[in-house]
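Heads up, the next two complexes both have chain A, just with different partners, chain B and then chain C.
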Partner chain A sequence: MNILKDEPYGTTKGFLLSSAAWMVAGSLAGFIGAVEMVAPELLGNIPWIAFGRIRQIHTNLVMFGFVGSALVGAAHYLVPTLLRTPLHSERIGKASLWSWNLAITAGVVTLSLGYTQNREYAELIWPIDIGVLIVLALVFYNFLQTLRRRKENLLYVSIWYIVGSFVFTFFTYFFGNAVWNPETGSIIGIPDAVLAWFYGHNIIAFFFTTLAVAVAYYIIPIVARTPLYSHTLSLIGFWTILIMYSHIGTHHIIQAPVQTWLKVIAVTGSIGMLIPVLTVLVNLWLTMRGRLGNIHADVAGKFVFAGSVWYLLTCLQGPLQSLPSVQRLTHFTNWVVGHAHMGILGFAGMTALGGVYFILPRVTGRSLYSARLADIQYWLILIGMTGFFVVLTTAGLIQGNGWLNGEVVYRILPEIHLYMVLRASLGILIAGGAIIGLYNIFMSLYGPKGETS
Partner chain B sequence: MGLKINQQGLPYLITGSLVALVLGIIVTILIPALGEPGPSKLARSYSETELRGRLIYQREGCWYCHTQQVRPPEVGIGTVQVTGDIGPETTAGDYALQKPVYWGTERQGPDLSHVASRPYGAVTEWHILHLKDPDLVNPGTVMPSYAHLPEDELEALAAYMLTLK
Partner chain C sequence: MFYIGWISLTASGILVGILVFLWALKTEQFSDQGRARYLPLRDDFPMAQAQNPSKATGEVYALLFVIAIGLAAMATTVILTLMSLGG
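So, the complex of A and B:
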């Protein structure tokens, strides 16, 4: 078997399938973590899945494994399609696919053994960081070559977002992981905290958010069967997100002893983020105005639409919780965990799944194995995610209020116990959705050949 | 307008992204790093055992449940065992010698910035007992037991805890 086989859209297919598999693994890891919050002794204190470790496995798997693979796979479809030029090299694509999966697998193994740099989303140790950087560089090179030989002169806004994302992510990853410091992957003192959130923030902003927006910009007009509402708006959205989102990482540590002026930039910029967010959403929603029927007739459209609604909610909540007066209550609590799931699962994850279901039939040349299963997955995730939001936000408010009233940390645990039980239960829906998705995607790619579309 | 830029956009696009990135790094990392204060009274360098303990703290991911950052609104209010015992507000200088900094992300258990200043927290044996059987010491806690760690690792971890004054 030739793992670098040169087949049209082979890279995309590989990434989509990997994403589905990592989603199963990642949500199961999340589920284990959630169970440990409810019954710490139940799983018998196995060291390599103790909470401190499984949490890192969970975040890395769902972010890079599930959402990351799906978005990178989608980009490998969008770039050639929008430029009307075949991908420069499917072999380079395959090489990046395998290295990516190797890096993630190595990440799971090392994290479970306790090799970690302990900085959120930058936990992976140095050798794996290098692997990730190589993948990012390979992908960028492949896209750049495709761009240079392109037959389509016009660069659609999705291409803008994709190119910007890879330029940004490569350097963000490099600096954020302090790869020139292999031993610790960090610098020293408060600048280290600032750097860590420069990274944590920009990886969310310019890997997950911008790639997901690129997918939404592509799919919505096609599914709605109408041109994009405004190309000018899309450019405004692009440049403002680039300038604004890159400067506000400090909003994650507004209450840490960081210089005040830096906090001012972070809070102002966070509120300013409403500009790029709303320009994108207004543009997308005006494109689909009067055509919600079309959107919801297509399961991919449904996913992307739900993603766009979560984008609005996340980005209304985001500026709010960057205000010092709000963060004094919400910081360090489950409120933030709720926000994280809204952003990564509700917005980026659902949009990415929309991309997966949109692209699959187009790269296999036949319809999805089962549109019905995809629909069931949609509902499971939507219900699970909505539940997460309600449950985690409530738990967060209970914690925050308790602490500020001088309640003992342990006393609050019983008060949020019920919510932790609900969170774990809702996790079953999401993990179930992931398993259904894996089956459906696998069968769509390799199942018995059904009707062609 | 949009259409024209869209046609010759690639150079703008790449340069623009790089400019935004470099600006972000200069404004939000480099300039602030220049103005950092030196170590405070609480900052300390670690002995070999303490450093080992610190790395075990990192390896086990304790960081993901315990913060080391007392925020302004909770000074005098925040409670671990008795009212207000969370300790004094954290200053930038407290972190000055730490690499990496474990300031925290979610708080499942109490803040540990000043754990060694609490009566029990200055006692090595208490820490080892607590690490082995958290539920015995704090009924209802969600902290897992670390009884599987070898004795010398538990001691190193306790030694690190004692540095958190």
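So, the complex of A and C:
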């Protein structure tokens, strides 16, 4: 078997299938973590799934495995298509695909064995960090070469976002993981907190957000069957996100003794973020105006539209929770976990799934195995995500309010127990959706010819 | 003095941005915005067509409901914040 086989869109197909598989594994890991919060003793004290480890396995799997693979796979379709030029090298693409999956697998194994650098979203140990950096460099090189040979000189906004994402993610990952300190992957003291959240924030901004926005900008005009409302506006959004988003990571540590001027920059920048966010949303929504029926006739359009709604809510919440007085209430509570799921699953994840279902028929040349199963997955995730949001926000407000009133943790925990039970139950919907998705995506790639969508 | 590092990191990000912006100007990326809007539309893969393209479907109402819940949650948060400030 030739794992670097040169076949049209082979890289994209590989990434899409990987995403589906990691979504199953990642949601199940999340589910285990949720069960441990309901009944800490239930699963015994198996070290490799102890909460501290399974949480990191969950976040790495769902973020880099599920959402990351889908978005990188989509980028491998969008770049050649929009540049009207075949991908520079499918073999390099395949090499990045396998290295990416190897890095994620190694990540799960090492995290479960307790090898971690313990900085959020930067937990993976040094050798794996190097693997991730190599993948990012390979992908960037492949895109750059494709760009240089492009037949379409004009770059559509999605291309700007994709290329920008890989440049910024490489640097964010390199500096954020302090790769020059292999032992710890960190520097020390407060400077490290600032660096860690420079990283934690920028990886969300310049990997998940920008790639998801690229996918949305591509799919919406096609599904709505109309040109983008304004390309100029889309570019304004791109350049403002570049300027606004890169230096506000300190809003994650407003409660820590960090220099005040850094906090001021972070809070003002967070509010300023409304500009790039609204340019994207206004542009997309004006493109679909009067065409919502068309958007929802197509399962991919549906996922992307729901993603845009979650983007709105996440980014209204974001500036709100960056305000120090609000954060006194919400920080360190489940409120933030609600925001995180809304951003990564609701916005980036649903948009990524839209990308998957849009691209699959185009790279296989036949319709989806089942549009109906994709539709069921849509509802499971939408309902599950909405439930997560309500439950986690409520639990978070109970925690924050109680603590501000001087109540101690052990009295608050029983009060939020019910919400932890609800969260675990809702997780079944999302995990179920993931399993259905994997089946559908696998069958669309390798199964018999399916129904027409 | 760690923030020298932070400032150089942020500044180098912005610098890269400016350089690419200049490249974009040079290669006339901002000149033909009217055509750029149409670039995705070369996709001609057959797609399902709604009978009435402008009709809002059940999904739209479900999402409006989601927005309403989201706004209500944020309003509650603001109220609790204000109460905690007052007390």
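To be clear about the criterion, the second predicted complex is superposed on the first by the 449 of 453 C-alpha atoms of A that agree within 3 Å, B and C clash if a C-alpha of one lies under 4 Å from a C-alpha of the other, contacts with A are read in each partner's own complex, and residues count from 1 in each chain.
We adopt the following convention: a residue touches a chain if its C-beta (ideal position, glycine included) is under 8 Å from a C-beta of that chain, and two chains touch if they have at least 3 such contacts.
Keep in mind that what you see is a predicted model, and the values were worked out from it rather than measured.
Student: Once the two structures are overlaid on chain A, check if chain B and chain C clash or fit side by side.
Tutor: Partners clash after overlay.
Student: Name the contact category of A:L404: first (chain B only), second (chain C only), both, or neither.
Tutor: Both partners, chain B and chain C.
Student: Touching A:T393, do we find chain B (first), chain C (second), both, or neither?
Tutor: Only chain C is touched by A:T393; chain B is not.
Student: When the two structures are overlaid on chain A, which partner does A:D298 contact: first (chain B), second (chain C), both, or neither?
Tutor: second
Student: Under the stated touch criterion, which partner chain does A:F168 make contact with: chain B (first), chain C (second), both, or neither?
Tutor: Both chain B and chain C are touched by A:F168.
Student: In the superposed arrangement, does A:P47 touch chain B (first), chain C (second), both or neither?
Tutor: first
Student: Mind working out whether A:T116 is in touch with chain B, chain C, both or neither, as first, second, both or neither?
Tutor: First partner only, chain B.
Student: Applying the document's definition of touch, where does A:F198 land relative to chain B and chain C: first, second, both, or neither?
Tutor: In the superposition, A:F198 contacts both chain B and chain C.
Student: Which holds for A:I275: it touches chain B only (first), chain C only (second), both, or neither?
Tutor: neither
Student: Which holds for A:S186: it touches chain B only (first), chain C only (second), both, or neither?
Tutor: In the superposition, A:S186 touches chain B alone.
Student: Taking 4-12, 94-102 or 130-138 from chain B, which overlaps chain C after aligning chain A?
Tutor: The stretch that clashes with chain C is 4-12.
Student: Identify the residues of chain A that lie in both the chain B contact region and the chain C contact region.
Tutor: Overlap of chain B and chain C footprints on chain A: residues 153-157, 164, 167-168, 171, 175, 187, 190-191, 194-195, 198, 230-232, 235, 239, 242-243, 246-247, 259, 262, 328, 404.
Student: Under the definition above, what is the set of chain A residues touching chain C in their complex?
Tutor: Against chain C, the touching part of chain A is residues 81-82, 84, 152-158, 164, 167-168, 171, 175, 187, 190-191, 194-195, 198, 217-219, 221-223, 225, 227-232, 235, 239, 242-243, 246-247, 259, 262, 290-294, 296-298, 302, 305-306, 309-310, 312-313, 316-317, 320-321, 325-326, 328-330, 335, 361-362, 371, 378, 382, 386, 389-390, 393, 397, 400-401, 404, 453.
Student: For chain C, which residues count as touching chain A in their complex?
Tutor: 2-3, 5-6, 9-10, 12-14, 16-17, 20-21, 24, 27-30, 32-43, 45, 47-57, 59-60, 62-63, 66-67, 69-71, 73-74, 76-78, 80-81, 84-85
Student: Contact residues on chain A for chain B in the complex?
Tutor: Spelled out, the residues of chain A in touch with chain B are 36-37, 40-41, 45, 47, 50-53, 55-56, 114-120, 147, 153-157, 160, 163-164, 167-168, 171-172, 175, 184-196, 198, 202, 230-232, 234-235, 239, 242-243, 246-247, 249-250, 253, 255-259, 262, 265-266, 328, 331-334, 336-337, 399, 403-410, 413-414.
Student: Quick check: in the complex, which residue numbers of chain B touch chain A?
Tutor: 1-3, 5-7, 9-10, 13-14, 16-18, 20-21, 23-25, 27-29, 32-33, 35-36, 58-65, 67, 69, 71-74, 77-81, 83-84, 89-92, 94-110, 135, 138, 140-145, 147-148
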